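What follows is a pair of complexes built around subunit A, which joins subunit B in one and subunit C in the other.
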Partner chain A sequence: MNIYEVLETLFEQKLNLIEGLNSELYLPLDESGLEKVLNVMNENSFELISLFCVEDFAEKGFTLFYAFEITGFEQTLIFQYALNANQAPSIAKTFPSACWYEREITDGFGIEFQGAFDTRRLFLHETYPKDFHPLLKSFKNGPIETAPPSEQNDYVFKQVEGDGVYQIPVGPVHAGIIEPGHFRFSVIGEAIFNLEVRLFYKHRGLEKLAEGMAPQDCVRIAESISGDETVANAVAYCIAVEKICGLSIPKRALQLRTVLMELERVYSHLGDLAGMCVDVAYPVGASPFFILREEIFRHNEALTGSRFMKDTFAVGGLTKDVPAGALQNLSVYLKGFPDRFGVATAIDNSYFSVIDRFETTGRVKPEILWPLHITGPVARASGKRTDTRIDHPYGMYGELKLKQKTQTNGDVFARFNLKAAEVLDSIKIIQKIMSELASGEVFAPFQIRDGYVLSMVEAPRGQNVHWVNIKNGLVDRYKVRTASFCNWQAMEHAVLGNIVPDFPLINKSMNLSYAGTDM
Partner chain B sequence: MAKAISNVFKKPSTDEFKFGDAELEAICVQLKEKVDRVFGRSLAIRELDAGSDNSTEIELNNLSTPYYDVERFGISFVASPRHADVLIVTGAITRNMEIAAKKTWEAMPAPKFVVAVGDDACGVGIQNESYAVLGGADKIFVVDLKIPGNPPSPKMILMGLLALVHQIEKQTKG
Partner chain C sequence: MDYLALIAYGILNMLFVLLISPLFISLIKIVKAHAQKRKGPPLLQTYRNLAKLLKKETVYSSNSSWIMRATPLVNVAAILVASLFVPMIIIPQPTDLVGNIILFLYLLAMAKFFMALSGLDAGSTFGGMGSSREMAISALIEPVVIVVFAAMAFAFKTINLPDMFRDALASNVLIDPVIILISISLFIIIIVESARVPVDNPETHLELTMIHEAMILEQSGKNLAMMELSSAMKQLLLMGVLINILVPWGLTADFTPQAILISLGAFLLKAVILAVIIGLFESSCAKSRLFRLPGLFAIALFLAIITLIIEVFA
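Let's look at the complex of A and B:
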């Protein structure tokens, strides 16, 4: 059965589906229609992958977009619901992951979600004025008047009461060189009874900054979402605009993009593996990973001029070709990599004290994977078969025939082993592509067209979703949902019952980006 | 037990690590000499992320990895602002971090210095037009030194710290 037949069987009616430019299917609905389809989606355990709002989309006013993944199909299904006023029904009780999205939309656009169980502000903290909604078109970006927080607008954390329960507030400024965020632990003895994560301290207003930009310039915004996902986000954005403009880029650019995306995964995972060792106070185990990682950073710099591969990607391909010598050096270097990496993982895998700290720590249980749309290595380490490179192939990944890797235990040790295996897989992908590298241009000229599209990539942390709308040749709306935005919510569940000193370890094993969540 | 004994005698699973970055070593030797003299052998740095894209944090963390290992030269990143001589600020100051950033600075004992690391903290980032940021670190702090870059490499950061210590030495003499 194709996806149309599947959907028509599910919804028991003929559907007015509109085909998008990147195998998305849009379905405009009214309120009763929405309720009906959402019930069906819930009964069949389909996952909500994003929920966002656009002002003045097809008509004046607000339109909500509910994006879903349909298991087994490349296509994504997006329900489009035009609001009559500034109100919409909350779906957070059926789709728990919708809670943050709805709060985000309320902050951005002032839309009220009726029946929502959590109506606290999300990215606008206490100093922002009441009734301030930065994503409204009527708000012109620029400095605003803020006021010191008063008691009325204090953020209220969930209170856990009972014998021996006490709270530990941590952050936003942490003890190490870490991004800012607040963790409120409710603890009994040493065991964590409840954790509430409060983020968005790094909210930089990137979505608003993108509004009105020329599509070519907006790549810089995509790169600054999260420094260590520079490549993933830049490529996701470029793919989106290229789809809108009906552009296919030269083969060499496609191949080099894939090489650089996998290099990013390698250095990111190496950092996690090292970090997990650091957090169990085992620097001997961490050092070999740190050494390899620094070497990858240096290869990145030789290839692109930037250790994080910034200013390398452009709509239409790459900003510049990579030097032939650097490619040659990388190829020689990667030959020796797997053996050295094997020695590094063996140091940790053979040390009982490390394994004792890793095993059974910070379990992400399978039952939260679907309701919260947990993605990337965190999900795969708990047995979820998900990888955007396989489920929704983009760039060259369709031809590569990747094999799905999973672990089952969902603890820190599973995440350690999974990331170690993925590093070696990425090295193989890089080597394969470099052996078949095409010659020729790395940039194709293009004409900007109007349109909208959803684009998805598998960043090192998991699935990143970009939705771009170009109107009158300029970016009208740029909505990004990173893997971290979803996976932070797994943290609140994974730490329960663990001891407080294991929190940094669990956190590192999930490797969540604050910048990528706060935007 | 047998494993513990065999571990003592078998070939170590770690390799000897050789690096040969003469330029880096030269910077660090100068830095150590100055840190010894000006800061009594220990320069304590507190890092404050006020809204960066996290790449600058990664480079600062890299300073403690085997290729750089700056603790050899008397430089340490400390857990509390109360232990710090220098505040390294990264990222444009977001409105959501303004209060926490100021409190961090206030918690530091004098004499204290502020270094802005990365384009955003130096006030030349792409986010300056946003409602959500105040601008560079100099919007709320007196900045003693700026180390630009998107992000600056670990070597650039060390060169910046050398310049800072040099500047402080000149000030204290004058």
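Let's look at the complex of A and C:
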């Protein structure tokens, strides 16, 4: 059965599906239609991968887009629901992952969700003015006066009361050089039985900033979303615009993009592996990973002129070809990599004191994977078969025939082992592509067209979703949802029953991005 | 004359501990850094840090009381007095005035007690967390320390530390098995009391995992310098106990410059070796889970009890 038949059997009716430009299917619905299809999606455990709002889409006030993954199909299904007023029904009770999306939309557009269980603000903290909704087209980007914090505009944390219960507030300013985030623990002694994470301390307004930009220039916004996901986000954005423009880029550019994406995964995972060792106070085990990571950074710099590979990607291919010598050096370097990496992982896998800290710590239980759309290594370490490279192939991944790797325990040790395995897989992918690297141009000229598209990539942290709408040759709406936006919520569940001193380790093993969540 | 020598001993021993102890903090850091293929700080870095802190302004939380102000002084004072009990290079003449092991332990306990109070005093979360963890660990390690020191007292038939060292020095036996058992216990006590891996991590920036560091998180300026200095001194004192019981060779009872120089050189050499061992030990394991720590303490307790049984019944 193809997806059309599957969907029509599911919904028991003829569907008015609109084919998107990147094998996504749009289905416009009214309120009763939406309720019906959402029930079907819920019964079949299809995952909500994003929910976002667009103003003036097809000249109709606000339109909500509910994007779903259909298990077993490359296509994504997106319900389009045009609102009549500034109100919409909340679906957070059936799809818990919708909670943050709905709050995000309320902040950005002022849309009220009826029946929502959590109506607190999300990315605009309480000190912002009441009627301030920056994503409205009527709002022009500029400075905004915030009110000083007071008791009236205080954020209300979930209160847990009982004998011996106390709260530990941590952050947003931390002792290390990390991004801001507030963690409110409710503990009895050392055992955590509730954690509430409050983020969004450094909202940059990237989505608003993108609006009105020329699509070619907006790549720089995409790569600034999160410094260590530069490649993933830049490529996701470029793919989106290329799909809209009906452009296929030169083979060499496609291959080099894949090499750089996998290099990003390698250095990101190396950083995590090192970080996990540091957080159990075993820096001797961390240093081999740090050394390898630094070497990869230097290769990145030789290849692209930037350790984080900024300013490298362009709509149509790459901004510049990589130097031949740097490629040669990388290929020589990678030959010795697996052995050295093997020695590094063997150190940590042979120390009982390290394994003892990793095992059973911070379990992400399978039952939260679907409702919260947990993605990336965090999900795979808990046994979820998910990888955007395999489920929704993009770039070269369709031909590469990757094998799914998973772990079952879902604890820190599972994430450690999974990431270690993924590093070696990425190295193999890079080597394979470099052995058959095409010659020629790395950039294809193109004409900007209008249109909208959903593009997804597997960033080191998991699935990143980009939705781009080009209107009159300019970016009209750019919506990004990174893997961290979903996975932060997994942490609130993973820490339960663990002790406070194990929290930093659990946090590190999940490698969540603050910037990637707060655009 | 006796008293004059005693006073000279006291001043020299105190000054020695005060001036030399920061050296071993840096040294252990250097050893650990090399284990990680890093270079580590210069040997004199801890002195520079202390000098920098002494010049800085001291900031007090508006919630804090006199405890916050008194704690650094109490700590330095208690540890300095305790340093009179542990002869590092010269053993004073036998006298009842110095060396009582029980008083020594109580001085250390007093310093710790005030440190834990000051952790609570500023009203910050981490301070309180550190204090509660430190007290939980203390409740477990202190009985162990007492049993270990009791074992020592039985082994040397005295509760006076300088007398123990004199006995150890006079002993004809090169290595006494009982002393080895006690030394292992003492080594574990050094690790615990100087807040090292696997008990605590002196290098971490992660507030939620801290024990000792969390308690002094609210200290600043010269108060912080005093806290750092007193932990360095405490570490050296415990190292001194271990060294002068296990390998007292070179230790002298004579007040001649030559003997003192030899003793000084011998002590520094032994302390450097011990610091390297501590650094390597720390590098060889990850920090233990908080609730698994009693296992480590139990080893020390077990060995001390064996010693007691041997000494009492053999």
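Heads up, the rule we're going with is that the second predicted complex is superposed on the first by the 519 of 519 C-alpha atoms of A that agree within 3 Å, B and C clash if a C-alpha of one lies under 4 Å from a C-alpha of the other, contacts with A are read in each partner's own complex, and residues count from 1 in each chain.
The definition used in the following text is that a residue touches a chain if its C-beta (ideal position, glycine included) is under 8 Å from a C-beta of that chain, and two chains touch if they have at least 3 such contacts.
Computed from a predicted model, the values in this text were never measured in an experiment.
Q: Is A:Gly497 contacted by the first partner subunit B, the second partner subunit C, both or neither?
A: Neither partner.
Q: Classify the contacts of A:Gly115 with the two partner chains as first (subunit B alone), second (subunit C alone), both, or neither.
A: Touch status of A:Gly115: no partner.
Q: Figure out whether A:Ile291 sits in contact with subunit B (first) or subunit C (second), or with both, or with neither.
A: Once the two structures are laid over each other on A, A:Ile291 reaches both partners.
Q: Looking at the overlay, does A:Val343 come into contact with subunit B only (first), subunit C only (second), both, or neither?
A: first
Q: So, A:Val354: does it touch subunit B (first), subunit C (second), both, or neither?
A: second
Q: Looking at the overlay, does A:Pro169 come into contact with subunit B only (first), subunit C only (second), both, or neither?
A: second
Q: With the two complexes superposed on chain A, say which partner A:Lys208 touches: subunit B (first), subunit C (second), both, or neither.
A: first
Q: Which partner, once the models are overlaid, touches more of subunit A's residues, subunit C or subunit B?
A: Partner touching more subunit A residues in the overlay: B.
Q: Check whether A:Gly398 is in contact with subunit B, with subunit C, with both or with neither, and answer first, second, both or neither.
A: Neither partner.
Q: Does subunit B (first) or subunit C (second) touch A:Asn141, or do both, or does neither?
A: first
Q: Using the superposition described at the top, list the residues of subunit A that contact subunit B and also contact subunit C.
A: Correct list for subunit A: 175-176, 284, 287, 291.
Q: Sort out for me which residues of subunit B touch subunit A in the complex.
A: Residues 13-15, 17, 47-62, 65-67, 77, 79-81, 91-92, 94-100, 103-104, 125-127, 129-133, 150-151, 153.
Q: Going by the contact rule set out above, which residues of subunit A touch subunit C in the complex?
A: 168-170, 174-176, 190, 277, 279-287, 291, 351, 353-354, 356-357, 499-504
Q: Which residues, counting only subunit C, touch subunit A once they are in their complex?
A: Listed in rising order, the residues of subunit C that touch subunit A are 32, 35-38, 125, 129, 133, 197-198, 201, 203-209, 283-292.
Q: Which residues, counting only subunit A, touch subunit B once they are in their complex?
A: The contact residues of subunit A facing subunit B are 123, 125, 127-128, 134, 139, 141-144, 146, 149, 172-173, 175-180, 200-206, 208-209, 220-221, 223-228, 230, 271, 274, 284, 287-288, 290-291, 293-294, 297, 301, 306-308, 310-311, 340, 343, 346-347, 350, 513-516, 518.
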